[in-house]
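Okay, handing you the structure first.
First chain written, first letter: the chains are A, B, C and D, and each begins at residue 1.
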Amino acid sequence: MSMIKSFAILGGDKRQIFCGKSIAEDGFGVVFSGFERYSGEAPVRSCSMREAAGECDAIILPLPCSRNGKTLNAPFADREVLLEEISSLAGSTPVFCGMKNRMEVCFERVFDYSDREEFAVENAVPTAEGAIELAMREYEGTINSSRCLVAGYGRIGRVLSSMLQGLGGIVTVSARRLGDMAFARASGMNAIPSSEISGKYDIIFNTIPHLVFDPQTLARTSPSLVIDLASSPGGVDFEGAKRLNLKALHALSLPGKAAPAASGIIIKNAVYNIIREEQL
Amino acid sequence: MSMIKSFAILGGDKRQIFCGKSIAEDGFGVVFSGFERYSGEAPVRSCSMREAAGECDAIILPLPCSRNGKTLNAPFADREVLLEEISSLAGSTPVFCGMKNRMEVCFERVFDYSDREEFAVENAVPTAEGAIELAMREYEGTINSSRCLVAGYGRIGRVLSSMLQGLGGIVTVSARRLGDMAFARASGMNAIPSSEISGKYDIIFNTIPHLVFDPQTLARTSPSLVIDLASSPGGVDFEGAKRLNLKALHALSLPGKAAPAASGIIIKNAVYNIIREEQL
Amino acid sequence: MSMIKSFAILGGDKRQIFCGKSIAEDGFGVVFSGFERYSGEAPVRSCSMREAAGECDAIILPLPCSRNGKTLNAPFADREVLLEEISSLAGSTPVFCGMKNRMEVCFERVFDYSDREEFAVENAVPTAEGAIELAMREYEGTINSSRCLVAGYGRIGRVLSSMLQGLGGIVTVSARRLGDMAFARASGMNAIPSSEISGKYDIIFNTIPHLVFDPQTLARTSPSLVIDLASSPGGVDFEGAKRLNLKALHALSLPGKAAPAASGIIIKNAVYNIIREEQL
Amino acid sequence: MSMIKSFAILGGDKRQIFCGKSIAEDGFGVVFSGFERYSGEAPVRSCSMREAAGECDAIILPLPCSRNGKTLNAPFADREVLLEEISSLAGSTPVFCGMKNRMEVCFERVFDYSDREEFAVENAVPTAEGAIELAMREYEGTINSSRCLVAGYGRIGRVLSSMLQGLGGIVTVSARRLGDMAFARASGMNAIPSSEISGKYDIIFNTIPHLVFDPQTLARTSPSLVIDLASSPGGVDFEGAKRLNLKALHALSLPGKAAPAASGIIIKNAVYNIIREEQL
């Protein structure tokens, strides 16, 4: 990590603030810009984009870096910042961003921290905890001793099912592949094929990004609560759930909401990993 | 369980409603009284005290049965109900109540479900989950990978520490007895004596019912969040925490708040156990 | 599973006997051949190859089906059986075998149960338990509270590390991919890169199939016991270990040795899965 | 721990050797006597009783200290040593021993490390691991996915059931008290009353020290393997098991056999705890 001694954090939400603070605690220089209107517990000195970009060896943009392709995603900034402006200020300085493909602007040297495997796995942790917090708030029983179905055994399904089991839930996992079903069983869970969801459950957590919980499946499994973690449009027929009088919630962007500090550190870790691999 | 075929649920909060509904699902007759103003999702037909007491083989009073010694604890009732009235309606009908010693009125046959060992253990589950939900809401990191201290290794400490470990927390337990410390270590946790709380923690959960977390201890352990589960006055110097700028919360009566359905079933189980043991 | 009503179990060891018995318990007809000299607790009636092949709808050969390419792997048979003979007896009957590529003889319809993903995952369970049994026998401490390194986080590493943790071991996992390291950390374990094994350990379990534990690494990690689970030549320098006075063991074919009953059922499950998928 | 700087280890088996070596690693002086015929991997210089007792500030006797009340339990000694001799050599030197009540000889200052709560809890760990090792060796399936009954939920039952669950076993616990049953259920296990053992099991572990598994109970629960951990006469009718053709094993003194190093450290810990409490 020889060359990069200081970072500019440009835009983003609370996660970026925690990211920057954690980098500073590691002994690096850190400047912030685009947080003029932020008034959280731990205040941040926000300087101008020019000043920030000029003083640093590397720039970190938020996740996603842009919502419209043209301007920086900077909810706490006091003005709109064009990505063009950042690109020209950055020059050959390395830029780290989330969801690079959302930007319609070119940067000389840009790296996407959000498409890395370890980033996705680490984010499964705050996602799973956010889902559990939501379930605890909305469900009138305890997770302990409840029948929980985790539909899908990808990164989130794997972390979430293990946490539910750790709380004493009676966990069933659905998976597409027989090998994943075997893994779940070896961990002491029940496993069923995702194509044939069956059984009765108290709480259903869905992570499969296409329609699995149609009205028939919802009626058959009769949950007290359904939490859909799959990105829009999700895997639950919410209209159908309403007609069946089932409480169904679509929980999106949990990491940033449930655990901004943890999410900021996950961004930091991914940036560090890129720096190491790319020998920046 | 030969003689008792029907129950009257007199007063109480949501827990008693769930208790009664669960008893009804077991095939017993159940009548409610003292829920006239309740307007939850699952409505309850509330009859008069006289009618309810007259129709049943056993009466269940809430937890606590009274807050002032003289009237029934019935937040959803449309009038004040004197315990004297219930006592005279009950006659020799068995009465099950929580915290019997709060009542200044005599009943012919009265049993306290709240002083039973299994009742206390089962309530440790919703208490622990309620504490975890609160920690997830208030803490900006994840419990996973966080350093958690559970002070006290009684019923709640035992259940809570195991759940935190199941979520991937790095758990330290404090206990008074060396044997309890050995149990915690055998479970893969760190253990320290309660008389010498040391180390740094992200989240502290206190279950010890006397002052353990004085300002010095709070400063030394430097938690981001302190949750006190011990009944009033608790084991945390909240004033001191404020001066140290530490977020400290006193969480009381968690079972009823966090998981009324589970709490209702726990009351039901204890009542059934008394009926079996006393051969009522 | 409409067409196949009976199975012939030809050759193999104790696993095949358990496989056949478990199939019989499911209600299918089962005949055995090639077990003339078997004298275990649960005797098996062994008929002739001709009789067995003639009476069945499907044939199950062992794992591996052959050790030399030409004859059946049948340690309990009273004579050598040529694969040619079985092939001609089988005709168009479906044949299920393990390690098909070891055979130099053609079959009309042959399916390999041993190259299936779920078969490999399920076998990780008896492999992990066999490794733990060995560690318990050879190590003079307890796994509980011991520092255990599991090198490699494939199927076996994943199951084994979780079991060691369940026993109260202090588990470090080594992995090649950052994503796998993140999964291990989310499960409450330490994780290090396989390319830079570091730290001190009481017990090392290796699952990586190339030389990782050279004398330098062994000296640096100073284990009391090394168990190599990787197939020959394995990942441990056994000569070097000897010179360093370290106890190092190469544990091969654990499933069949440690848990023949479980292994037989795993074979059965894989055969059933093939039948379902191929609609035999 | 101011006054005691050196220890004499007099008699005992491998555990005492590990105990002494571990004490020496903590920086104390350690001399051994009564190990003249010991020829293990790590040799021990055995001096005379007189020399050993004369050179030390404290004496550690084995567990049990005597088998007949009169002579030291010293299987590796080259002669019989009378406890009278040790008593007179010891004088006012503190003596730590296991099972003090087995001795018919008086010592001036004697402390029993074996009747301490934390000693018993810590010994539950090697006992549980020894039982699991035995089960793995004798059972032809895997513990993972097997139905395991742990009869009795005392120290050993508590540690053992949790380890079996960590291996993926399907664990049922039997207990006498409803509170203990509630704890087991909160941990995700099944719980049944010890007075009404029911259900079918693959492996039964008994820890209850009176006859629970009579022929009727054995027949009804139909286990493949029964391991009795209760001290003689144990809780299993072994004759009846034989008639039923059930494999039943009485496993005694597991800690010393399965994990002498761990057992030696447990003795050391208890001695240190006595020194601290008694301010020796």
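As a working rule, a contact is a pair of C-beta atoms (placed from the backbone, for glycine too) under 8 Å apart; a residue touches a chain by one contact, two chains touch by 3 or more.
If you're wondering where the values come from, they're calculated on a predicted model, not measured in any experiment.
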Between B-D and C-D, flag the pair that has more C-beta pairs in contact.
C-D
By mean C-alpha coordinates, which chain is most distant from chain B?
C
Copies chain A and chain D touch; is their interface built from the same residue numbers (over half shared) or different ones?
same
Whole-Å gap separating chain A and chain D, where each centre is the average of the chain's CA atoms
49
Using mean CA coordinates as chain centres, what's the gap between chain C and chain D in Å?
34
Residues of chain B that touch two or more other chains: which are they?
125, 144-145, 165, 168, 186-187
Listed in rising order, the residues of chain A that touch chain D in the complex are 144-145, 165, 168-170, 185-188
Quick one: which bits of chain B touch chain A in the complex? Just the residue numbers, please.
14, 18, 125-126, 129-130, 132-133, 136-137, 139-145, 163, 165-168, 258-262, 265
Contact set on chain A toward chain C in their complex
116-118, 120-122, 124-125, 155, 158-159, 162, 177-179, 181-183, 186-187, 273
